[in-house]
Amino acid sequence: MPSPHDPPASAVHDAVRRAFDEDLGPLGDLTAALLPPEAAVAAAVRARSDGVLAGGACATEAFRQIDAAVVVEWRLVDGDRLAPGDVVATITGRLASVLTAERTALNFLCHLSGVATLTARFVAAAGGANSSTRIWDTRKTLPGLRALEKAAVRAGGGVNHRGSLSDFVLVKDNHLAGVSIADAVARAKARWPGRTVEVECDRRQQVVEAIDAGATLVLCDNMTPAEVADCVALADGRVLIEVSGGVTLDTAADYAAAGADLISTSVITQSAPALDIGLDLEG
Amino acid sequence: MPSPHDPPASAVHDAVRRAFDEDLGPLGDLTAALLPPEAAVAAAVRARSDGVLAGGACATEAFRQIDAAVVVEWRLVDGDRLAPGDVVATITGRLASVLTAERTALNFLCHLSGVATLTARFVAAAGGANSSTRIWDTRKTLPGLRALEKAAVRAGGGVNHRGSLSDFVLVKDNHLAGVSIADAVARAKARWPGRTVEVECDRRQQVVEAIDAGATLVLCDNMTPAEVADCVALADGRVLIEVSGGVTLDTAADYAAAGADLISTSVITQSAPALDIGLDLEG
Amino acid sequence: MPSPHDPPASAVHDAVRRAFDEDLGPLGDLTAALLPPEAAVAAAVRARSDGVLAGGACATEAFRQIDAAVVVEWRLVDGDRLAPGDVVATITGRLASVLTAERTALNFLCHLSGVATLTARFVAAAGGANSSTRIWDTRKTLPGLRALEKAAVRAGGGVNHRGSLSDFVLVKDNHLAGVSIADAVARAKARWPGRTVEVECDRRQQVVEAIDAGATLVLCDNMTPAEVADCVALADGRVLIEVSGGVTLDTAADYAAAGADLISTSVITQSAPALDIGLDLEG
Amino acid sequence: MPSPHDPPASAVHDAVRRAFDEDLGPLGDLTAALLPPEAAVAAAVRARSDGVLAGGACATEAFRQIDAAVVVEWRLVDGDRLAPGDVVATITGRLASVLTAERTALNFLCHLSGVATLTARFVAAAGGANSSTRIWDTRKTLPGLRALEKAAVRAGGGVNHRGSLSDFVLVKDNHLAGVSIADAVARAKARWPGRTVEVECDRRQQVVEAIDAGATLVLCDNMTPAEVADCVALADGRVLIEVSGGVTLDTAADYAAAGADLISTSVITQSAPALDIGLDLEG
Amino acid sequence: MPSPHDPPASAVHDAVRRAFDEDLGPLGDLTAALLPPEAAVAAAVRARSDGVLAGGACATEAFRQIDAAVVVEWRLVDGDRLAPGDVVATITGRLASVLTAERTALNFLCHLSGVATLTARFVAAAGGANSSTRIWDTRKTLPGLRALEKAAVRAGGGVNHRGSLSDFVLVKDNHLAGVSIADAVARAKARWPGRTVEVECDRRQQVVEAIDAGATLVLCDNMTPAEVADCVALADGRVLIEVSGGVTLDTAADYAAAGADLISTSVITQSAPALDIGLDLEG
Amino acid sequence: MPSPHDPPASAVHDAVRRAFDEDLGPLGDLTAALLPPEAAVAAAVRARSDGVLAGGACATEAFRQIDAAVVVEWRLVDGDRLAPGDVVATITGRLASVLTAERTALNFLCHLSGVATLTARFVAAAGGANSSTRIWDTRKTLPGLRALEKAAVRAGGGVNHRGSLSDFVLVKDNHLAGVSIADAVARAKARWPGRTVEVECDRRQQVVEAIDAGATLVLCDNMTPAEVADCVALADGRVLIEVSGGVTLDTAADYAAAGADLISTSVITQSAPALDIGLDLEG
């Protein structure tokens, strides 16, 4: 059954296909071609460190694209916690097929689980799953992997900011050349009625203007926790407050304590180290 | 002029196109649509931390795909060192176009410069550009970005291991089920004459067998520097020695001192944090 | 079993894929993600007005691309008459999958059934299925939907004019700059031997020339029924007579009575209103 | 200069490419191949009825893809009013190229101008450009043409509802199986913080619930103008009121008078007749 | 200026792109990367045997896709005769670019000129350019190269049979299970009015039936020249006579003398040896 | 079970898809549409001349893409010898589907079996399967078919040279402008460590330089068998000796006798005549 964390199936299919287009070359897997074609194998995908799983649909698709007869059975699903040694999935099928698909399947699992894992650490730092402060991703994703990384953020307990420039309006300082916040928000609401309108603010006065203009969200950029707390008080529930700009695992708790609704960070998609997950042949 | 670090132009074109397919959506940039269409801007792409530049061709292509009239002039090129504040490129053109393309251009620059920067740190740790020990990448790249990441590794002073499974033969332990190293290498040389044949070895005896079998390269997997030095002595120039498995910036110097020809690491592609590079509007 | 009205399966696959590329975005269906993943549903696709069905293969493919476990059973097939309340198909499967695919499946059904329905009205106006005057489509189709719309025309009882510029020769007045009809037809027969050659004619004398030149078809452009009857008499079975240019449901019978072999109209593809077909959840 | 009504350039490029993939076939334009290759032509794209222009970027791209040396000069731009005889653009270039591209260019112009024209009629019916009631499109677009049709709606003075399922949340009755509106909205706001949440309502009580739950928008489905006026009063500015379901050119004014913020209609994209625009060779 | 022999530009673009997708790999041209990036070169594309040129548009596109700054100047064009030593084109540009594109450009030129050359030999064998017997190609083309090979046949003086299954009707014996030729032709004319209908005939009686049924073309399959002459007499200009099945350069003249309108052969596309064309660096 | 001769499945899929994109057109198979939709058939794919089979995976995929219900059972597999009359495979399914797919399936089988057959003749000429001289292909493949042709070469008993420019280094005379062989090889080994480096040599002295420089392979270009024997003696097992340039079936034995390790020829991919294989409907 598809998980609610899953990205669209077409995104999974295409990303896996591109990965094999890179990896197979015109001659295919030179090394696997040396193996006896009839040799079969059972294998386990196993976690080698602590973390959160993501990318399961991609790994399944990777084995399928190489050989539809390979069977992948998942013991754990996206969003589950991993400890070293945990068996994530079992794989059975032709040895040559399994070895040809292995690296591609793991490249997805390791990267996306890395994203989920770092997201989960930020979630924990901001007070955990029940905190009123949520971890938000950004558009700073690795090119071609946005849908997959956004799904991995969800698997890690985070939530998704804009999926694309076409989702909602985010007025940054560069958009305000010669235009007041009030005018910019009014134009946004006129041109794109009903849509979320967010305004990036560097200082208190801008937050006041954004709230008065009827923005949906205020992005507090590079503010201290105290400044954020002030903005939260100003907002008084009329807008959501996003904190952005250099928030770390160390400072997330302070911003949560300041009452921010959302802490956004590019680190979870752009700079998440790969999680160590491997494939072990059995017996 | 194309740089020797550049990936194939078709790879650049397609990766940028996919990034915009993710980012534009059916409505395009809602926020940029609010700007006066005729407004023009000059901007600078500026480094905000130390590192090595990569991804220039992708950034150029990003602005070009949004608006061919945007002019991008590079002050620095892939492979150049960056310090905070350095102007990497200047951008002039329509404000709406520049802001629509900004994030995509930076996503490439920040990720690929991150790869180049971490590669350069490993190169330095292994004795620098003139060391006889080189930093080698792996097939553990982010799906869809291999050609670009491999180019970024070159920009960082590293060298490229296999581009795909179709480049050369790499016999790992999983390929040896019931087959001796001698037989595996002989098969490889018979089926793929003239090609590089590398053998993954966990212990001294396997290295002896691989050399005797006529392998081109030996991958010393998870060995200590002392064990590697022993393998280097065994090899005596007849094969190249690759060290793989958990080499860090701290241990790279020891493996270089042990005489390894190549140190491979997945960290530089799979876990390189984004380099901080931004775009500042001028005046 | 595929119907003879079906477009090529690859055209169906690709058109549906493009529709989902437009509709899913990087985050997928935000609303369906709120549903319990295990909830299942039975639903009926039901006609809400009179018409002719087309687009069944596209609707099947739409549900399949979202979730291969959704079962679509057709009660009616392309070309069948519809009355308000008719159950066209039943759908069973995961609620989230059915709701995500619903709009796309219906967009195909409603548009293509609209094409078939309007075609059938023109067929009836020209004397019905057994009339010697047939309804012909044109190359004025909606971009990207030609194969599907041409199949819908067949479902509505019409026949297909050129599928592409590469099918046969159609000499229009713009092609005759400084060249006689005789010369143009001779060139066409020399360069593309065996192919259909049609000549657009505005007046009687051109029809004579086209027949004498050995054209296969004459397109009578913007002529009255009386003028057409004259051309039919001239043709005397040696060429087929196509009537084109502003024929309406009101005037089609007159042109049929004039003996035209073919009445072509762009209205059936370019301006057919969507047929009202909906999806109702059961129980 | 790109117009703010323009769809993303990549959407234009791909739609035109697909149109030619349909139209050229393996042999290209059989008829144009008969023309003298060196013959040149000047032509005018001319309106043949009243309406509003849209699709200019597609027409330009169509000529460019066939022959980059063809020059297209626009006298009017998307959003401009058209009267019969108005010259929309002039075209100069090789005769064979112009005739090969003609039909494809016009297919885009006629369909998209048809969308813009019908939109403009609805805008006028709802009180015109300065009315507080706006015309909203839907996801009932022709498959593969969404970005272009949404741009044509903007050219006609309308505004855009969701571009995709990934834009914002729209809870319809089918999404409410066993769940209260309050719960559904709460889930939506928790899972997709900051996003627009719209609720489809059939009756007054649901509107009350949706407002209380904190929805952004209420879709009044198949209500009379009087019922809508009641909902507008209930809303009192706290939510936007969308009217949907069978609104026609005749009834739009009544719904506008009732104070609806938005009138959505699928007719403008799904059932807009093509606008008559042709290409005339000069002298 | 595009030549009338040219395939559609999109077919050229895509075929060249696929060729580079095969040839560049993730690392690009390893050998060209060793060259000084600034080195420039002048080169000549030169025929090394007698033949007919085809594929010029593909070669131009190949250099362009690698480096738009490479200049290709054609001295000869598709359809021109070649003798050993003839300079076909001159190339100037970066050495690395020219060498990277060389093989792909030549692969197109050598194969397509091979097709044109063998076609020209068949044309000559059938009486030359002014013969009333023409050389016709088939659908037995190399997969993915149909548009290019059909254009090369035209360059060689041949003409094109069906471009696709969608062009016209060709009733072969396998299509006649339980159906008379008369019925099959009648169905074809009813379902696809105005289209060419060809009937494959093994013997005289079938030819009579096909002519009586109103076929456009008769394919005389594996008949002797005498049998063909009989069919030509039977046809008496009412249908065109195609000869098919094992016609060789040696027997073509006999079939031409028998009065066949068209001789079709798969050899010219499926089995044409590459023409020897090379690239020489100058001075 | 996939054969070790098989190309990557994605290459098979895409090549077949492209073939149908060429062959189906917007209207599909006009002739098959005339057949009774329910008619079924059994058919045999049968060799009509001696040769070696290749392309089985493509033929299977062709029938599958048209109609997944068609059953293809292989009696012989890629690499098997064929004699006239041999049944290669049996096909059962809908008559219309089988006839629509027939030509495309055969186009792959005939071309690729032609490649395998000619390769096998060269292998035999060079001493057979156990000869120490192997037949090597080249990059002179037909555009878009490289992976398939390289697999066919393997089926014919040959081996594969470079799959792409990204596999290994091959220094030709054009790469040596102003650079010694020693320097070129040194640069290659420095930039691409561990990779095969081959050097094209026209004369004995270059062979000495290449061996001294540590090349992996020497390409003896246009040398006589006696000159090759001299190079083999010089090489003394330190490098592999490739013979290239105009080797024919008549001269291959002499080069094998001279001790060449590899004989490369473009003829087997660029100029292999199609093998005659047909499809016969059964009783």
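Labels A, B, C, D, E and F are assigned to the chains in the order they are written; within every chain, residues are numbered from 1.
One rule holds for everything that comes next: a contact is a pair of C-beta atoms (placed from the backbone, for glycine too) under 8 Å apart; a residue touches a chain by one contact, two chains touch by 3 or more.
If you're wondering where the values come from, they're calculated on a predicted model, not measured in any experiment.
Q: Touching chain A and chain B alike: which chains?
A: The shared contacts of chain A and chain B, listed by label, come to C, D, E, F.
Q: Based on CA centres, what chain would you say lies at the far end from chain C?
A: With centres defined by C-alpha atoms, farthest from chain C sits B.
Q: By mean C-alpha position, what chain is farthest away from chain E?
A: Measuring from the centre of chain E, the most distant chain centre belongs to A.
Q: If I superpose the C-alpha trace of chain C onto chain F, what rotation angle comes out, expressed in steps of 5 degrees from 0 to 180?
A: Chain C sits rotated relative to chain F by 120 degrees.
Q: Can we say the copies chain B and chain D touch using the same residue numbers, with more than half in common, or are the two sides different?
A: different
Q: Mind checking the centre-to-centre distance between chain A and chain F? Centres are C-alpha means, answer in whole Å.
A: Computed from C-alpha means, the inter-chain centre distance equals 44 Å.
Q: Based only on mean CA positions, could you tell me how far chain E sits from chain F in angstrom?
A: Taking the average C-alpha coordinate of chain E and of chain F, the gap between them is 22 Å.
Q: Whole-Å distance, chain A centre to chain D centre, using C-alpha means?
A: That pair's centroid distance is 32 Å.
Q: Of all residues in chain F, which are in touch with two or more distinct other chains?
A: 22, 24-28, 33, 146-147, 160, 163-164, 166-168, 191-192, 195, in rising order.
Q: Quick check of your reading of the touch definition: is the inter-chain graph here a line, ring, star, complete or other?
A: Basically all the chains touch each other, so complete.
Q: Okay, in this complex, where on chain B does chain F touch?
A: My answer: residues 134, 136, 159-161, 163-164, 166-168, 191-196, 198, 216-217, 240, 242, 261-262.
Q: Within their complex, state which residues of chain D touch chain E.
A: Touch list, chain D to chain E: 17, 20-21, 24-28, 33, 37-38, 65-67, 94, 96-97.
Q: In their complex, what parts of chain B are in touch with chain E?
A: 1-4, 6-11, 146-147, 150, 160, 163-164, 166-167
Q: Taking the complex as given, what residues does chain F use to touch chain D?
A: Within the complex, chain F touches chain D at residues 22, 25-26.
Q: Chain D touches which residues of chain C in the complex?
A: 15-16, 18-19, 22-35, 39, 58, 95, 99-100, 103-104, 106-108, 110-111, 114, 139-147, 163-172, 174-175, 177, 184, 187-188, 191-192, 195, 266-267, 270-274, 281
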